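Can you keep this structure in mind? I'll have questions shortly.
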Amino acid sequence: MIKAGIVGGTGYTGVELLRLLVAHKDVELSVITSRSEVGQAVSGLYPNLRGHIKINFSEPDFESLAQCDVVFFATPNGTAMKMAPQLLEAGCKIIDLAADFRLKDTGVWQQWYGMEHACPDILEEAVYGLPEINREAIKKARIIANPGCYPTAVNLGYIPLVENGLIDDMHLIADAKSGVSGAGRGATVSTLLCEATESVKAYGVDGHRHLPEIRQVLGSVAGHEVGLTFVPHLMPMIRGIEATLYGVLKVDVEDLRQIYLERYKGEPFVDVLPSGLAPETRSVKGSNMCRISIFRPQGGNTVVVSSVIDNLMKGAAGQAVHNMNLMFGLDEVTGINQVALLP
Amino acid sequence: MIKAGIVGGTGYTGVELLRLLVAHKDVELSVITSRSEVGQAVSGLYPNLRGHIKINFSEPDFESLAQCDVVFFATPNGTAMKMAPQLLEAGCKIIDLAADFRLKDTGVWQQWYGMEHACPDILEEAVYGLPEINREAIKKARIIANPGCYPTAVNLGYIPLVENGLIDDMHLIADAKSGVSGAGRGATVSTLLCEATESVKAYGVDGHRHLPEIRQVLGSVAGHEVGLTFVPHLMPMIRGIEATLYGVLKVDVEDLRQIYLERYKGEPFVDVLPSGLAPETRSVKGSNMCRISIFRPQGGNTVVVSSVIDNLMKGAAGQAVHNMNLMFGLDEVTGINQVALLP
Amino acid sequence: MIKAGIVGGTGYTGVELLRLLVAHKDVELSVITSRSEVGQAVSGLYPNLRGHIKINFSEPDFESLAQCDVVFFATPNGTAMKMAPQLLEAGCKIIDLAADFRLKDTGVWQQWYGMEHACPDILEEAVYGLPEINREAIKKARIIANPGCYPTAVNLGYIPLVENGLIDDMHLIADAKSGVSGAGRGATVSTLLCEATESVKAYGVDGHRHLPEIRQVLGSVAGHEVGLTFVPHLMPMIRGIEATLYGVLKVDVEDLRQIYLERYKGEPFVDVLPSGLAPETRSVKGSNMCRISIFRPQGGNTVVVSSVIDNLMKGAAGQAVHNMNLMFGLDEVTGINQVALLP
Amino acid sequence: MIKAGIVGGTGYTGVELLRLLVAHKDVELSVITSRSEVGQAVSGLYPNLRGHIKINFSEPDFESLAQCDVVFFATPNGTAMKMAPQLLEAGCKIIDLAADFRLKDTGVWQQWYGMEHACPDILEEAVYGLPEINREAIKKARIIANPGCYPTAVNLGYIPLVENGLIDDMHLIADAKSGVSGAGRGATVSTLLCEATESVKAYGVDGHRHLPEIRQVLGSVAGHEVGLTFVPHLMPMIRGIEATLYGVLKVDVEDLRQIYLERYKGEPFVDVLPSGLAPETRSVKGSNMCRISIFRPQGGNTVVVSSVIDNLMKGAAGQAVHNMNLMFGLDEVTGINQVALLP
């Protein structure tokens, strides 16, 4: 059994991680920390876990975390980078679900996150945990930067096109839509039911933190910097991201879908849909799957890709467990091959 | 492996049953029939099942169903009773998720369902599949009447009070609220998103088919007929039933909650909440749990019970699999102990 | 033109009042105060008002309010009672949308609201602003206690039965369901979209502040104290209250609906529905109407009434404007006879 | 008083038109036809109208319609073009809310709508009823093609850029999101609450009927054909369209927002938001306003415009009444300057 710890398990990413880990056959959850909820039963905060978990939230202390084989950080940005060096030293593996280790360039990180990076050397070592591009590196990693939710949906949708140089990658346009759970469980007016339901809006148009993360990944598969306009939107629902991606073809391609099928052949969590069918976010609700469709409207030279994930699963906790499975040599789908809840 | 068949797998009960059975370690799903979808891939109708199921919908024919160890009917009322005699004869076990075998009195059945019963002898044999009252009979049954969704929530909430003669059972009041999935997947104006979201209404106030079913169960645990006013309401959401139950105490009881704890001790799918906390339907979304709270407002003589279930799980498919597990001697929680999806 | 002021216009009751008053042909809105938003344009906080209102939020100061003919309080409980004496002295009329003047018994008020009442003499003078029982008194009042949302729905539903002594009023049961806007615009975790959508729950079962208010009104029309169990529920939607009311008939009545038709004859904001049809909350969304149906299931002796209102209109701002119209001798439907927004 | 008739008033466009017309001070609604509901009270089908309208649905017969000053068609495509010639002959003015008179090229119309056009000469005469580009022509028109919902949102967002030749109009990208009411009140599985809530999807990616309509308008303001990729999405809500529009600047412009302010100066139903603020669809719920924001992310050469409308108001019934006001010389905001319902 893998002994697992969670730092900061009170948000939506945390409770989703708990849902997966309490049912994972190879994991024993030994510690969950939360400064704000010390001593409270985890199932008191999350009644869906009643009967599935007995432990209480504890102080985030080094001693108990150091006993774990793997520590997940489901904390605000800036927390994991402070505790990572000591835990790695103690022999723990680390999976950070926040952004501390996602951007390789510390300058860019500081610009978008407003903090100086606490451990640039470990940042250099950290592996970006998108299995579809980094599977082998993940298997050998000590520390994983678990990808952001929007970047996962956008990158999986763009990779086959960008990797093969098929589109003009200086003018990419990603129009993404997310459920409200992506904004977290903090008490803010803008995410109240009465503010967010029965409404749609763009936000962060002038610049969202996931922009440099997407550009880093696509730039790496392209082999050069890419140009991207990324506009996220808030949807009146809990879970799910749909990213509609636009690109202008540079070369003529007979069967775009075939390129996706080949690129993702054997991937357990990427599903390329039949032609003509756009994916619904509900088809992945509670599941770790990313479903993708490719279109070429009216046979023109603009490609349209629609990519959907559950932001709390493939966009956060599910992908984190996928990374853990890879790091510990387990069958990679263990504990994350749930069928989506529909309806 | 248990060979299972589903008759009529295109509704919400059907797809939920599929979600459970494709992941059930002791079941092999061998046939799913649907007159309207013959030849279509199941995962074509339900994209959440892509990658989890390979078979197609077939004609409901006797030969292939007769090969099954168990046949689930997720059909409109009146279908199962026509096929049951022959299938039982062939050695199949049957679990009917519709209402054909729920009401023991054929006269009452005919009154509420508007059809003559096709096989009164089998009706007599059929066991009402509420494990919390009929576990031993279910284990030995050939044919199960899987309970209705409202009756499950209401009966589990009332049983400890009625069984012990604690309340005036001639004036029971059950005010129940259900998500729209209870109305099924048929294309009707009243269940369109634009008609049913952002609104609440009572319906069936003059008489709902689940009324005689609830009265039958409570009458049986009381040992005499009971009087019940049952008012269902439609809620603007997909899944979940909350039943608020009212009763006037006949005897003084010091600790009502203790009576519930004792009654449901050891029950894997009934959870009595801590005092003062009312259950939310989302705490059971996608799970087979029923969560119950008991109140005595201002210490008066009126008892208030709140009982929640997921209508598609404990109220339909989950309870059906629970019954199957019992009928085949499996660990009864196999395949239905999922943690609820929250948020 | 009536010069109107609003104290505390930043919550949902406030913005609804603004929606009505900016379009009211006899009202000039001259001041809106908010401690937290001083100097901000009202249309900056509420973009739906862009183009309809030019003024900014100001400090709640006596001088500017004293210039008004009428001052609405859309404040937390305990605010209006501190400013009321001085404003009445200055000749203003007052309509309090909070609870400060609703309960006639200061002891009961203190018990449920946890504060000592600041002006018991004015409390005595204040008129409970439910036009259907107090129209003439409202016309002459200087200060109005605008009714609570649940009490409005429940009382209008029960009044014809209780007033005429038709039911056992010692065992009334009111099961009420409300949209989330009733909880206000404060940033709390429990009213986040991800917590409150796709879920239903009872709350305040052990005692809700609207209980004594309902009992006061029904006691007054009955001529004696009544017994009431009141259970509110939170619904996954923005607006609307549905109250399902239960009562046991003491006398046989041939046509219950007729009694409602007579009681509410000529009332502009009470609509008794045709037999057999239960009202939907969406049929009053954004309107000041209360729609009511009466049932006697299976011809038994239990009466069931379903009553719906928009909690922000007939349950708050709409009724406040109704009261203002009456106090100033206007046609009472002025500015509040909007058709509900459907769908 | 203007005598108005509605043909086909049973859908969502119809009921919204009714909401506006019954409260319009210069209109007398004299006939509403519906083949399927002949004889039924309008307020029986739409309970929000109880107390506001007394008439019943009638057969669509020429005689009674010919008495009207104006006839609105809220019918399926292909109906208005059959009745228009005779009604015009009789002296009626016509406003068609369907698509019969939107596309000037009968070949294009036939290609997208699958029918031959019944009256090409009247098509030629018909004025496209977007007041922001055709106000003077509308005033003089006998017959109006009321614009589609998506085209209204997209065109108002693009016009200032395209009209002034500021962007590359051969590669326009419009990513639009609509509430479910846009799909109408027909009973279809895909618009059931359980299918459409808590989910987002693209649809019609290969070609949507609003594509040629948008291209026609933008082509006309550009003075040449434009290239457009248009991808609509279905949102889990009732009302509202948000269109996010992308374009690559051809010339450098110092203040894009200023260009919008000038273009829409004096327009009563276009609101250009302050810089940096993206519009929410709820800010126009139930109102006839279009709110627009302009962005230039990271100061690059890609412009992003977000445009929101209520699809049933500015996208249908509200704009139809606007056109009627113009045709009959009324103050153009009469009856359609409601404040949006928020929350």
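The first chain written gets the first letter, and so on, giving A, B, C and D; residue counts start at 1 in each chain.
FYI, contacts are C-beta pairs under 8 Å (C-beta built on N, C-alpha and C of every residue); 3 or more make two chains touch, one makes a residue touch a chain.
Just so you know, these numbers come straight off a predicted model, no measurement behind them.
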Relative to subunit C, chain with the most remote C-alpha centre = A
Query = Any idea whether A-B or A-C has more C-beta pairs in contact?
reply = A-B
Ask   = Where the CA atoms of subunit A average out and where those of subunit B average out, how many Å apart are those spots?
value = 36
Remark   = Expressed in whole Å, how far the mean CA point of subunit A lies from that of subunit C is 45
Request  = Mark out which residues of subunit D touch at least two other chains, giving numbers and ranges.
outcome  = 12, 181, 185, 194-195, 197-198, 236-239, 279-280, 282, 285, 343
Task = Could you pull out which subunit D residues touch subunit C in their complex?
result = 12, 15, 18-19, 22-23, 46-52, 181, 185, 198, 238-239, 271, 273, 279-280, 282-287, 289, 291, 338-343
Key: For the subunit B and subunit D complex, residues of the former touching the latter   = 12, 180-181, 185, 187-189, 191-198, 236-238
Remark   = Per the touch rule above, subunit C residues touching subunit B in the complex are 171, 173, 175, 177, 179, 194-195, 197-203, 205-207, 227, 229, 231, 233, 235-240, 242, 244, 246, 248, 276, 278-282, 285, 293, 295, 297-298, 300, 302, 304, 306, 308, 343
